[in-house]
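Presented sequentially are two complexes of subunit A, the first with subunit B as partner and the second with subunit C.
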Partner chain A sequence: MMRVRSRLALICSLLSGASLLAACSRSEPPTTGAPVTVRRLTEAQYRNAVADIFGNQIVVAGRFDPIVRTAGLLAVGAGRATITPFGVERFAALAHSIARQVVAPGNRELLIPCQPAAPAAGDDGCATLFFQQAGRLLYRRALRPDDIATPLKIARAAAAARQDFYGGLAYGLQVMLTSPEFLFITENAEADPANKDVRRLDGFSRASRLSFMLWNTTPDSTLLAAAEQGELAGQDGLEQQVDRMMGSARFKQGVRAFFTDMLSLDDFSTLEKDTLIYPAFGLAAAEDSREQVLRTLIDELVTRDSDYRDIFTTRRTFMTVPLGMVYRVPATRPGGWAPFEFAADDPRAGIQTQLSFVALHSHPGKSSPTLRGKAIRELLLCQKVPDPPGNVNFDNFNNPNSPNKTARLRLAAHATDPACAGCHKLMDPIGLALENFDGAGQIRLTENGERIDASGDLNGIKFADARGLGQAMREDPAATSCVVRRAYTYAAGRPIDKGERDWLAYLEQSFADDGYRLRPLLRRIALSNALQTISKLKPEPRAGGAT
Partner chain B sequence: MLTLGRRWISAGLALLLASAAAAPPSTGGPQTLAYVIANFNNAVYETQFMDECPEGPAIGNDEMWWRGLSRADRDKLTENGLVQPVDRRFASVLRGPKGEDVCWNPTVIKEPPLRTVQGVVSYGFNLDGSNDDQATPKSCPHKNFVSERGTPGVDNQMYRLLGCHYGWRHNGVLDTFGNEERRNSGRGVILMEITGVTDPRNSPDVRVAFYRAADPFSIDAAGRILPYASYRVDSNAGKPRYGAVARGRIVDGVLTTEPIDAKLPFYANSAFAEIQLRDMHLSMDLTPGAAGSVQGLVGGYYDFDKWWEYMLKIEFLIATGDWSCPALYTAARELADGYPDPKTGDCTAISSAFKIDALPAFAIHTTAVEARR
Partner chain C sequence: MSFLIKKPVTRRAVLRGAMGGTTLGVALPFLDCFLSDSGRALASGAPLPVRFGTWFWSMGHTPNHAVHPDASKLAFLEECQSLTPHAAHINYFGQFNSPLDGRPNHVHHTGWVSCRTATAPIAPGDIPAPTIDVLVSDAIGGSTRFKSIDMTCTGNPRDSFTARNTHSRNAGEVSPLALYTRLFGASGDANNAAAKADPDLMLQQSVLSGIGDQRQRFERRLGAADRARLDEYFTSIRQLENQLAVQQRGVPAGAACVRPVAPQDGPIGLEIPVAQANHDAMSQLLVMALACNQTRVFNMAFNNALSSLRRPGTAYTHHTLTHEEAVDQKLGYQPEAFWFNCRVMEALAGFIDKFTRVKEGPGTLLDNTLIFAHAETSYAKLHAVDNIPVMMIGKAGGRLKTGHHIIGHGDPISRIGLTAMQVMGLPVEKWGTGSQQTSKTITEILV
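== the complex of A and B ==
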């Protein structure tokens, strides 16, 4: 990728004419696309969808089957997720609970657009109206007649048996909530009338991609209407919807979801710290540290519209009392969040020095330069670090009586093993720069009485401490390339296809041209042809050979 | 707007860096250190009990009541001994001649004198500036102690008064319960803020303020108070409800303050109180111990009426605290040694000292607008 980008940049730099330059930087290269995806709703998407369709008062109490991270993102893993039999039971239980709440007195007046002729009997007309309205939002498309036939039939039978219209309606809604049409984002392609050689997402599928990319929730009624009327196929209509969505308060929710995925913040759900060693790092600090990095990113990249690279050097963040106890700084708004800025000479600068990084990528009772270095490589630079060999020997590193008092010295002894040295060279020089933060992320100057040397280097750029590491990351083109790739992959919900290399090079160049600002990047992706281009159908292999 | 400036430093980090060989450059300008007081105990000097209290432990309310009963009344009033002191505490105080509560009316009966401390060593300060036991313009005649380091002239008649009660001694129920209750309830949390710190080890001119926190303690899962928490200063219309400020200095890590008259917020044993001290002195070693904790001593002449008001508020604890109200009151009146009433000559305050343990914290000052949020 770096080679492609450099080549493109070289070509562009050689062009002298303004129009050619413009074409170089602004024309979206064609792509071959990739197949349509079928993605299971993530837990957050499920919760957001229910809240948006039925309201925040509906409690979604339950657990969800995990999704396996693929190509660095859960958004891609969702395209390979199945529903286990136990998962089906969970979804059924959730559907039952949600449906009961929707039809309960107090909610039914708001959520059901009509009143039955007789509450103790079925009312097909009213039930149909409800299923049409709710179903369109749940299924994220215009309904087909058969979409409501089954819910209606169930509702009718249940209402008759229970002599309760609303009870019957709940059963019908339960059918919709457990339908694959709701639980899976199923994309469909259509022929492009302008180019018969290319296929594209249909309007509703595009609406879903946009909505889950920018809002992490189901398309709203306006977006579905635009899809229904074919407006998303035209540039003006598409721009209108994308700008509306990016101007909405929900855009922050979407950006939060993207970075939650990119930074692997779901790992907080399994984070454990030894509270005897780190008494201040309790549950509240863990929860707040996850929120802190998201608030920092939203503030920098959405509210301030800053250069993406600033996230590696910014001293601005937000603070709570539980976090303040770990950072050992004041929280000026006890009980809530308050803006905070670390002093110019504070060792902390950049999200990689926040608790969400240094505590998350550590062991329960000690720091880990290796885990931190690996996380920087994989999460922030998109560089894969090979897994350790199965027979790796940690004796040198874990020896409590080691004469090597600091992690640097212990790792040096450990890395004398040639089987380990190769990968540790990728991780340790970066991770050791964060050694002034202990396993909970608290500042320390010494380890076992020995002064900590936090110097290191990143791809040949040497630095003295964590702030230097942040500066090196800021200057590393892999960092900006990484967020571009992740953003597009996240939006498409699938791995990058080999036919999209030029498009990504173009996207990276555009990102640079836009001052490395996230908003233009996401807007460009949302408006791109690449996002809606679907690869041609390959002929099905014949079964049974020649006849 | 919050009034926390850019010139703060966390107490722990400042001291950590100050003691480190290669500390980052100072941010410049005076700094602020703040602490939250975790434990607040009467300063009771203890070695062997009989060294300090050769007459034995002070006799409590229940025993006085019990000894005053006939055998028949003992059986009757205690259901043949089944009703324990803790459950008969409200009966035992009603032993005035007309059944009066002898805590609220401590002079209606006369009881044997309180057993008081006879030892010669005590924690505390020389509040009246005198090393002998004679009266001074601000003190009545009293018997001085010497400090644990041998310094004469220590004024701590509160120790003489309470030191032979099990309830007030080390791990006694009263201070222990008070500390735990503050920890659990979050009431009466005291903040100490030191401003003008040019060097955490040596600062010639600092200001020390005591505030009440508007937030409860931050505690961990084991119930321990956590250091470096932020606490809002309890304020009304932007003005701290408490805010006694003393001038002081730090020498070799030890903070001392000049005497001031101060009111300290206090809550213990289910009672809000106000420790009203005249000539309040403070001495605190700021060298951080475990979790950055520091220890010190605060003392002064405790206003007698304020002190007795607190005793009455915690009257329900006399069964576990082991004191006799009439004996305690009479002894306290006799031992009161500060600020004689110009008309009667009786002293209106009693010299006292308290040991305090504190943890580094942050005091958050809020304006009236911020407080309303």
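== the complex of A and C ==
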């Protein structure tokens, strides 16, 4: 930390570029903003919203259309995603199922604020009250009369057809659950009285940004009320809400969602390991390894409020029995999670040595220094590794008859091809440091009988093994810059705009000043003007087709 | 009246050229409105309907071991030996190229995107235009319950090669049991009398119609780009409403339509026996869905673009073998990669076989189908995108001559897709962008 701070201090004292001046100043620099976003709810957001509005007892059973990762995050891809015909079919089926559960006996008493005059007929008054309450939460804003009109009309007709008030109500609720007002987080802008050159998010849109950023779910009634009363436009009201949200138990859910996205943990849904080669790595170990890294991050960054850079060196984590079988360590609490600390001389330290990283970024039956090196560059340092060239000669690499027994030797042969060497220099020296972990993440000292050399370097910092790699990552300014950029991009739900460079420099400096702690970083983003500044819409070209 | 149910298009309207201007100067489209009311025959009495589908595989072929180079006859070599019994139903296309126009070859992506969109993608993951199946389903998919059925045998719904654009990819169904439930489950069987009588269907239509009513109000708040995205959503809503309408009124099923037995809920994944079993089960469901007129368009992906197929207990995947396995000097190829390629072609042969076992009129389902099968590279070891193997399988209702080996002599690969669309009756005069743009039909195979 000292090294980075002193470097910035020196730069601030010597240079006077616009960006650097902004970085050195103590107040938030202005931004030009970006257009409002229209983001499709992610699977997790949909599930959380349903659970928070109607309760955890409502089962959300179904698949969701995948979202394409964009600018490193699914949160940005959600801003480009549409809903395919199959996707609509699935959302309609989910709405059908959820609505029936909501009106079922046992739930209706809790979730419907009134009783119909006659259960075998429609009751506009009671239905209106229910749609007003549920709709406000589902649509994340104050309702207009026409928001209620269609669900009410359908509920009335269905109740008459089925001679069942609750059955009719379910069809009306289905309209709301399948509506674009629910499935797409649609932002609106308004004039900014403080700056006529830009616009700002309206109160409800800001409530949604805050809620999905900090909780990964729909805004609650308190937040919507604050939006409705204009409190989010003022600093005091905004701070009050942000602090309330960060003090809530849901904050951990929000941080988990952020790191799930940043670390591409959604890839676990299709992770496969060959159980003949790695018998210990079954489905339970795969599921637990995903949970393990999230628990580690929450413990370090939320519970302990540690320096973000510690995640690359920490030996603290949590363990289950299935994980213990892969890690080959005793699990102390059968059937559940128990805190665990790797010994000081253990090769494991940092999340990049946990199964969630080394097993996820490997092949089903073997390790991959290249995939691991690429993942460190792209996920943890936000550095793009160029795609492989089209014509590569792989003859020298991993030839089964090759005398080169270790991946290091095979990759060295690969690097003799100039077309490959450029990119492999970025990936291999990092990935090879993790070669003491096989394709399932289990420790090994040799490969094909040859001792593994796990030394390497990261941007000139040399190290001897995986622990050294973690230390080098800890010292690399790219790691802290990366999480700052990802956190802001995630919160805004769009790529960083060129008019936000000063703001990003300021945010990175503030992160350093705050001891690289995640909580102040997220709070600063949530309270920023940058997050609510909106520019004019930029038109985009449409796709072509046959003529 | 439902928002979805549009004013019917008449033959007269088509002949006047009233289809949005797109029919001017091109051959008359073979549109659904040319069918008889029963949906089983042309007004002229010719057999119908004609289906279109794609079958994707990755890692291409082993050079000189797949197809005999002699263009005068179609003769499959050892890697494709399993296709030999079906050679009379296949047109094989070789030496068609995928010009990049200065864009990079995004390995295992550029090839299939060129085949399906006639455009080289700019960036990894980019899908610059609707894929061919989407264009076909837009034209012929509206009268059946499902506009398209998409399947993938890898266990990952993202392994799909059908999209309207980069951010609108049609996810593949991965589970045979889920596919069965969707096609033939109690509430989802268009030919099931109980389903037709379900009053819930009408109410579901009202729900969707109510959402469609929100369109104008909702889109008023959006910019142009977001409006285009939401257009797709509302189109999907309309399509689902149409599905329910079709389900409610029932679809005339072909004589061979039989409700299949529900498959077992088995494993999904990339071990080759698992992928083969799921492919087999989903293919069986697909041919019955076609026979029952549930859909006219389908997409089957046997493996993912970076083929992760593997043999249980081995460290190397199909893809890694293509790059890292040594060429056996005696054999002249990579024996393990070759083994995988053989299994892939066996899967294709099994797929074709299922179409031949469904009788339709005097012929089979295959006679009334056009399967557009292709890879993403020609020789995976080198990531080559020229000479990507493409096949057209089936006679497309008698519109195609089959059993030919067509040599492209370096012509753009888009010629094959253009021809396929024209065979399916689309009013398409030219297709593609840059060097892939073409208006040259492959006339040798047309009846």
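Convention: the second predicted complex is superposed on the first by the 505 of 547 C-alpha atoms of A that agree within 3 Å, B and C clash if a C-alpha of one lies under 4 Å from a C-alpha of the other, contacts with A are read in each partner's own complex, and residues count from 1 in each chain.
Operating definition for what follows: a contact is a pair of C-beta atoms (placed from the backbone, for glycine too) under 8 Å apart; a residue touches a chain by one contact, two chains touch by 3 or more.
Keep in mind that what you see is a predicted model, and the values were worked out from it rather than measured.
Model built by superposing both complexes on subunit A: subunit B and subunit C fit together without a clash. By the touch criterion stated above, A:334 is placed in contact with subunit B alone, subunit C being left untouched.
Of the two partner chains placed by superposition, A:417 touches none, neither subunit B nor subunit C. Superposing both complexes on chain A places the Cα centres of subunit B and subunit C at an angle of 90° as seen from the Cα centre of subunit A, in steps of 10. Applying the stated contact rule after C-alpha superposition, one finds that A:146 touches subunit C and leaves subunit B untouched. In the superposition on chain A, A:279 makes contact with subunit B only, not with subunit C.
Of the two partner chains placed around the shared chain by superposition, neither subunit B nor subunit C is touched by A:450.
Residue contacts after overlaying the shared chain place A:322 against subunit B, while subunit C stays out of touching range. Greater residue coverage of subunit A by touch, when subunit B is weighed against subunit C, goes to C. When the shared chain is aligned, subunit B comes close enough to touch A:343, but subunit C does not. Once you line the two complexes up on chain A, you'll see the smallest CA to CA distance from subunit B to subunit C is 12 Å. In the superposition on chain A, none of the residues of subunit A is touched both by subunit B in one structure and by subunit C in the other.
Residues of subunit C that touch subunit A in their complex: 22, 104-107, 110, 119, 124-125, 128-130, 135, 147-148, 150, 155-158, 164-171, 178, 182, 199, 203-204, 206-208, 210-211, 213-214, 217-218, 221-226, 228-230, 232-237, 239-240, 243, 269-271, 308, 310, 312-317, 320, 323-327, 381-385, 418, 421, 426, 428-431, 433.
Within the complex formed with subunit C, the residues of subunit A that make contact are 35-36, 38, 63, 65-66, 68, 70, 77, 80-89, 92, 95-96, 146, 150-151, 153-154, 157-158, 161-162, 171, 174-175, 178-181, 183-184, 186, 188, 269-270, 272, 274, 276-277, 363-366, 387-395, 397-401, 439, 537-540, 542-547.
Against subunit B, the residues of subunit A that register as touching in their complex are 275, 279-280, 282, 321-322, 324-335, 338, 343, 345-347, 443, 445-446, 451.
Contacts from subunit B toward subunit A in the complex involve residues 2, 4, 6, 8, 10, 12-13, 16-17, 20-22, 24-25, 27, 214-215, 218, 220-222, 224, 226-232, 291, 360, 362, 364.
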